[in-house]
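We just call them A, B and C in the order they show up, numbering each chain from 1.
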Amino acid sequence: MEWEVVIGLETHTQLQTNTKIFSGASTAFGAEPNTQACEVSIALPGVLPVLNKEAVNCAIKFGLAINAEIAPRSVFARKNYFYPDLPKGYQISQYELPVVGKGVVTIQVPAVGKNETYEKVINITRAHLEEDAGKSVHDLKSDGAVASMSGIDLNRAGTPLLEIVTEPDMRSAAEAVAYAKKLHELVQWIGICDGNMQEGSFRCDVNVSVRKKGSDKLGTRREIKNLNSFKFMTQAIEYETRWQIETLEDGGTIQQATVLFNPDTGETRAMRSKEEANDYRYFPDPDLLPLEITEADKVRVKAQMPELPEAMKARFEAQFGLTGYDAAALTASRELADYFVATVGAGAEAKPAANWLMGAISAKLNAEEKPLADSPVGAVQLAGLLNRITDNTISNNAAKQVFEAMWNGEGEVDAIIEAKGLKQVSDTGAIEAILDEVLAANAAMVEEFKAGKEKAFNALVGQAMKASKGKANPAQVNELLKKKLGA
Amino acid sequence: MINRSLKTLSQMLAEKQISSVELTQTFLNRIDALNPIINAYIALDKEKTLAQAKAADARIAAGNAEPLTGIPIAQKDIFCAKGWQTTCGSKMLANFIAPYDAHVITQFDAVGAVNLGKTNMDEFAMGSSNETSYFGGVKNPWDFTRVPGGSSGGSAAAVAARLCAAATGTDTGGSIRQPASLCGFTGLKPTYGVVSRYGMIAFASSLDQAGPMAKSAEDCALMMNVMAGFDARDSTSLNREKEDYARNLNKPLQGLKIGLPKEFFAEGLDAGVAAVIETAIAEYKKLGAEIVEISLPNTGLSIPVYYVLAPAEASSNLSRYDGVRYGHRAEQYTDLMDMYCKSRAEGFGAEVKRRILIGTYVLSAGYYDAYYLKAQQIRRLIVQDFVEAFKQCDVIMGPAAPSTAFKAGEKVDDPVAMYLQDIYTISTNLAGLPGMSVPAGFSTGGDGKALPVGLQIIGNYFDEARMLNVAHQYQQVTDWHTRMPDLAAEGLA
Amino acid sequence: MALSTEDIKKIAHLARIEVSDSDAASTLTKLTGILGLIEQMQAVDTAGIVPMSHSQDVVQRLRDDVVTKTNQREEFQKIAPVLGNGSTELAVDHGLYLVPKVIE
């Protein structure tokens, strides 16, 4: 029997604001427990919420980035449930009227077993603003009776979130991860989320169900909560899919459930706290008024937004004559694109800049597990290096040596070229002198060439390059040799 | 002294005929003597109170006094006041010392008014008799066997028994106007959004509104000048220009169109109350007002709508009382669920629990549309009634409560009968309109005791200054508002 | 819509309020009365009427994204509840609020 997995994602992105969504408390990560829990964060009697303008701007940016309809009027609702990290006993969220409506995210999915990708459009159902909950801490510092309790830290309570919900459009772990990665890049690209998954800034809930291939009915889904790494996401989806298929093949049924992924065992298990069916009793929050977003608001926010990856890709193809593949690769992240643009801006030619960036620099970063931001060779330095190739100061081969030296912090391009004596010889007289010596020393090869052996020509070039210690300009060597041999 | 208007007291303070400390001490002495019986105050803190009075005297001496500088005001225990016990009439918050000030408290502090103490109230403002308070009932100063009304029962008794110069109250369904009617003084619920709700412990957020409870319309105007105003911390606070609520007090009423909704004079209205209201209307005619019969056809639906919307909002507003960060936590519990369920069962009284359950039920899956949504739709019909009515008149008048003060214990076991107390007041909360109750006379109950009756005045949005004018002009030709209960007859000096 | 004591218990559980069996029975009587009052609404035809959440037709005001709150942990935790179960200490530890073990 052939099974098909159906996957939808709900992603909680923490918005990059200074303050909480409904109060002026700081959202900085890592503060001492409850030191950023103001009277609104801890829900003292009588406190009231006031909406953060920047959180709304972030939502508008996201809506514009995915070509979604941005609601002219959206409504905040209360989601009622009791949990110690939820101080009001309700979460302020959006329910019937979310701020962002239907949109699309286009992803490139690595094809199984092939070194290529395919494109897929993932439909976004909605994105809505809401507040984050606090945190439960289980390993307390004190001993005795207290040690068996949980501690509640409300610093995170009220941090603005944009929850982004997809249609159940994904059909494999690879597609789900490709979407999550794309979304992860996008929210950082438009500057609404720092993308820090370790700190919980980008958390995915993955809804997984399976069905027989060809069926158009959805199976019962289980929701894997709070995945905060792409590796765990792959493992969790693959485990969950296998588990569901095995359960069904063994004659069992799937119960709708919320599950947690345990990275140590690689397994998923149902959450105990979510066993009972929830009845969230959503209703419009009477403490907040409808959020109005006008065309003018959208225009204002749009003006603050960077060029989006799709637009930038098209521009790179048109402006720099890059291939679609190269342009897509360069716009896979804002950092990479910015680096490329800066390199070209510093005078480098586009194609070599793209090649070096995705070749030598990427390889180095991968090997050293460094992000681009930590590259010892910056955009301006790379441009300097490429310019020395273009102006014939050094050969491509020499450039590789110079790059190594730059990476290792040995100095600036010109200083390294000088120090290593890598300057290319382009002086006709000097090259002719070398050639004369080579021809004299390799009379046999000259004869072979004259007898019609084309290979002998290349061998002579090689000898000349060797004699120049690699510094002779290869194009000039070729040209002058031809002249001398009367070819 | 205790009967003087705020204006007179303010002048006496300015002219140094009396100091704020002396004035405050006069009220504190009276509270010492009467409060043990009347139970109008939950929390007193003489040290804090007198310190404020002293500061007020210094401010008066320095020559930068405001009209209410040095005036002792009673604050309903629903307002958080930093360093004060703030209980909201509940065991849940019996030990809660507020760590911040409500906007209303800040406003009074800013003008140098003196906080005399925190007044008793129905638990979380849920009640019409003050009998749901964890701190015990409050006696109606006109008859100690009767209730003062609610939920602002403590403030009401304090104003009526002259245990303060004036008081604050809050009104979600009538909690300023019904006690004002039952205790015989002037109370105003402003337009929703005029007084900030920040720091005012929430009952039903879309209906709650704070307002003054005082001896006259003029006093209410002076109180409003302090309480009203924009506050950025309350999203529902309206950003309007500051106004002087006393500016129209002396305008003549010639040509004023008074609408009398026939639904306010139908079945359910006590005959004695009806007679008082009719006499008051006749007085207005003498003042040059014109009477128009109007209809508010959906008045009867206001109670069912209110008892869906208010409990729904309350059930959610009161979820924060979970015993985790403040408030009551059960002494014994086994696990988290047990801690929640016990803390809340112990911390809340019966009426609060009932309303939480009603609210939870009407919002729960499968019932939302039939109850909550339906109620919100009818709410719009009720508002439209008023919009139509105000096309025909300037103000609407009628009774504030269907009867005079009832006996303590009479309705405690019959929530539905208790809820009907607010039949004439609730619709203005649903519409967000301003309403007030003005003493209009007395009606003699079965046991021969004369009990006060309040005339309700409902105005259009932001029309408080006109309503105060309408009430003030009446108070220039009548003396009902100057009547004071004979506490000696109740066995008190 | 007639309620049962089972319903009362379910609602009470949702609202996290402990009710004994005898409480449930008396609560049922009172709630049934109140729901009877509320039922009057069902006679009204409300087709096409837009529900009303706020009495004023105004929109949400937005706050500038500027930190205005300072650390008040000490003050706020002075009013923490007493731990209970034999302890008279406040239910806080190293700045955290203490609750019975949260099981996920």
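What we mean here is this: a contact is a pair of C-beta atoms (placed from the backbone, for glycine too) under 8 Å apart; a residue touches a chain by one contact, two chains touch by 3 or more.
All of these numbers come straight from a predicted model, not from anything done at the bench.
Student: Report the most central chain, judged by the distance from each chain's C-alpha mean to the global C-alpha mean.
Tutor: C
Student: Does B-C or A-C have more contacting C-beta pairs?
Tutor: Most C-beta pairs in contact, of the two: B-C.
Student: From the C-alpha centre of chain A to that of chain B, how far is it in Å?
Tutor: Result: the chain centres lie 58 Å from each other.
Student: Any idea how many Å lie between the Cα centroids of chain B and chain C?
Tutor: 24
Student: Find the geometric centre of each of chain A and chain C from their Cα atoms only, then give the gap between the two centres in Å, rounded to an integer.
Tutor: 41
Student: Two or more other chains touching the same residue: where does that happen in chain B?
Tutor: 96, 99, 206, 232, 235-236, 315, 319, 322, 324-326, 336, 340, 360, 364 - these are the residues of chain B that touch more than one other chain.
Student: Touching at least two other chains at once: which residues of chain A meet that condition?
Tutor: 39, 42, 44, 50-51, 82, 84, 152, 279, 281, 286, 288-289
Student: Give the residues of chain C touching no fewer than two other chains, as numbers and ranges.
Tutor: 14, 16, 53-54, 58, 60-61, 63, 72, 76, 85, 97, 99-102
Student: Within the complex, which stretch of chain A touches chain B?
Tutor: Residue positions touching the partner: 39, 42-51, 78, 80, 82, 84, 87-90, 152, 279, 281-283, 286-289.
Student: Looking at the complex, which residues from chain C come into contact with chain A?
Tutor: By the definition above, chain C touches chain A via 14, 16, 53-54, 58-69, 71-73, 76-77, 85, 87, 93-104.
Student: Provide the residue numbers of chain A that touch chain C in the complex, in ascending order.
Tutor: 17-19, 23-26, 32-40, 42, 44, 50-56, 73, 75-76, 82-85, 136-138, 140-142, 145-146, 148-154, 260, 271-273, 279, 281, 284, 286, 288-292
Student: Given the complex with chain A, which residues does chain B contribute to the contact?
Tutor: Those residues of chain B that touch chain A are 79-80, 86, 88, 93, 96, 98-100, 102, 197-202, 204-206, 232-236, 312-313, 315-316, 318-322, 324-326, 336, 340, 360, 363-365, 368, 372.
Student: Residues of chain C touching chain B in their complex?
Tutor: 1, 3, 7-8, 11-19, 27, 30-31, 33-42, 44, 46, 49-56, 58, 60-61, 63, 72, 75-76, 78-85, 91, 97, 99-102
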